[in-house]
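Which chain is which? They are A, B, C and D, in the order written, and residues in each are numbered from 1.
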């Protein structure tokens, strides 16, 4: 498999009249993490959604493994996991059902693997509980379980550690460390320090 | 070579300048054709043997009805081009078309019912052509309502483009089902709003009016297109020079 | 001239139809030009704002 | 949870990238989406009853507005029934995508790497099973209330089942387009009703033929043709509309 690299080249994007991305560019080699920093509203979310192919930049290009992602957008999106502000969970389904229906549409998911995913984030006790009854931190852990089950080369994370205590933040750090250890990539918009990651690229988005 | 022609039509400054230059070349001929059509239709053409002078309404009804459908198809074609090749100018064309088409659909509806009144004794009759025209008006209102509902121009362009394409696919289906429905329930005795058989002296003015209205649409479209292009160009440097012209 | 206006008894339908259609044409011309004027003014304002600070 | 334990578990829990996770076909993914929506709906049955009560309510208006005479009502029965069915299915459309868009699951469908058209078609199929079919089962009650002979009931059910397929499909486009617009129920009906007129015309005609005892072949064929047109085009347009609304 050619090495996973993610390049963004001269990305320009407007949201209404605001010029949100002004010539953003970076190159992220395999096994590396890119930390997006910057105040609220400086375009971190817009950049992540543009990288994921949800938003269409008016100028510039995104390349993954050397190929323009727009060439085969569906295949590219199949090889990435995007976690937005809200954990993508239905309130009226249990944690297990949510993972079954969310990750199950992406890859074959056995019960054992599902349980292991929940165990990995310390949420196996929540498996049978309706997401409606879970706290924000617990929901975030179920979402992180989904992320770890995705088994994809590219992670795009928007504030992955919101609503998590320090132990939860360490969990996010270790999950990303594993992703990098597997030769994958991670782009994360974060406010706090990502513990245990060693060399981390940083991209500051100006106001 | 042909591709660069098409490519240049995608660049806002080129289209803006082209629109500015072409407008008078469409507007004045349109005025002349319409005046000639009026003179022919109102003065030269003999009265119809059945409807007498009442048939002269056709010289405004038929062009308006033709406009309502032609403008909608133009809008849908521009929307499709904008959607497939992501050309902003095509979306600007579609946005410019909608109000023109909608206003002439209203004209077609009112002149149609005024023309039908002497025949039917009432102002509204569920005639298949008038009913299809009414549905077309709702398609226009739906298109403009969707555009107004979305703030972000780029998203409004693309969402309304999908609606326009879906709409144009449905126009023949709606027209067929309305005609089928009408033929089912309509007592054959009531005369339908059909064009009477027309002698050359009656037909020529109608063709002049149709051509005049089409050129008028071209002129109106180009003026509105410039406005839509400006709205989509934010603070692009080429605007300064274009506005100075 | 009088029988011209009378339109063989259909005057009450013919003239309103023509009046309305040409009103729609005039409205469209007015609308289009106003839209262009407003767009130009807004564009000049945006250019001024961008050019300024 | 100290660090070493984490890394050892990683190999068991997180699968290595090299061993590509077993892929799932778009069809299987669509099947899952269908099952999810059905499960969700059955968890909150109250929402399922709403379109049915609305349908009964609207049907009740006609006798009160026109006349208690069954012979007179029979004239209006097809139109009243189908107008009520159209409005009832419209009612249920607004939340077809809105809930999924707000909680982020619709976004995950778009990013699933599977055909969004198939997933949207699965959601529309679930909507039809949850509103169209119940409406069809309730239509005979309304038909009898409006004076239709019992012999006409099978034909009426068939017509409403077939017609409601198109209603859900056409409605899915409008629902996807007005996904992010607040207070969009008026706009949704303005977009959807004109496109549903052929279904209304052929459906009412089929019901009329059923009541008068004629042969139902032709009207049902026309309804079938509309359903096929809807099945092929509507999911494509709705998927495109969803992608645009997510931009």
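Following the convention adopted for this analysis, a contact is a pair of C-beta atoms (placed from the backbone, for glycine too) under 8 Å apart; a residue touches a chain by one contact, two chains touch by 3 or more.
Small disclaimer: the values here were computed from a predicted structure and weren't measured.
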{"item": "Graph distance between subunit A and subunit C, where chains that touch are linked", "value": "2"}
{"item": "Touching both subunit C and subunit D (chains)", "value": "B"}
{"item": "Chain at the geometric heart of the assembly (C-alpha centres)", "value": "D"}
{"item": "Pair of chains joined by the greatest number of C-beta pairs in contact", "value": "A-D"}
{"item": "Far-end chain from subunit B, centres as C-alpha averages", "value": "A"}
{"item": "Chain centre separation in whole Å, for subunit C relative to subunit B (CA means)", "value": "15"}
{"item": "Centre-of-Cα separation between subunit B and subunit A, whole angstrom", "value": "48"}
{"item": "Between subunit A and subunit D, centroid-to-centroid distance (C-alpha), Å", "value": "33"}
{"item": "Shared interface positions of subunit A, touching two or more other chains", "value": "56"}
{"item": "Interface hub residues of subunit D, defined as touching at least two other chains", "value": "247"}
{"item": "Where subunit B touches two or more other chains at once, by residue number", "value": "154, 234"}
{"item": "Chain contact topology (line, ring, star, complete or other)", "value": "other"}
{"item": "Chains grouped in pairs wherever the two touch, ordered by label", "value": "A-B, A-D, B-C, B-D"}
{"item": "Residue ranges of subunit C touching subunit B (in the complex, touch as defined)", "value": "4, 7-10, 13-14, 16-18, 20-21, 24-25, 27-29, 31-33, 35-36, 38-40, 42-44, 46-47, 49-50"}
{"item": "Partner subunit B, residues of subunit A touching it in the complex", "value": "14-17, 56"}
{"item": "Contact footprint of subunit A on subunit D as seen in their complex", "value": "1, 3, 6-7, 9-10, 12-18, 20-24, 29, 32-33, 35-36, 39-40, 43-44, 99, 103-105, 107-115, 119, 246-247"}
{"item": "Residues of subunit B that touch subunit A when the two form their complex", "value": "86, 151-154, 234"}
{"item": "Subunit C-facing residues of subunit B, complex", "value": "42-43, 47, 51-54, 56-57, 60-61, 63-64, 99-100, 103-104, 106-107, 110-111, 114-115, 117-118, 216, 220, 223-224, 226-228, 230-231, 233-235, 239-240, 243"}
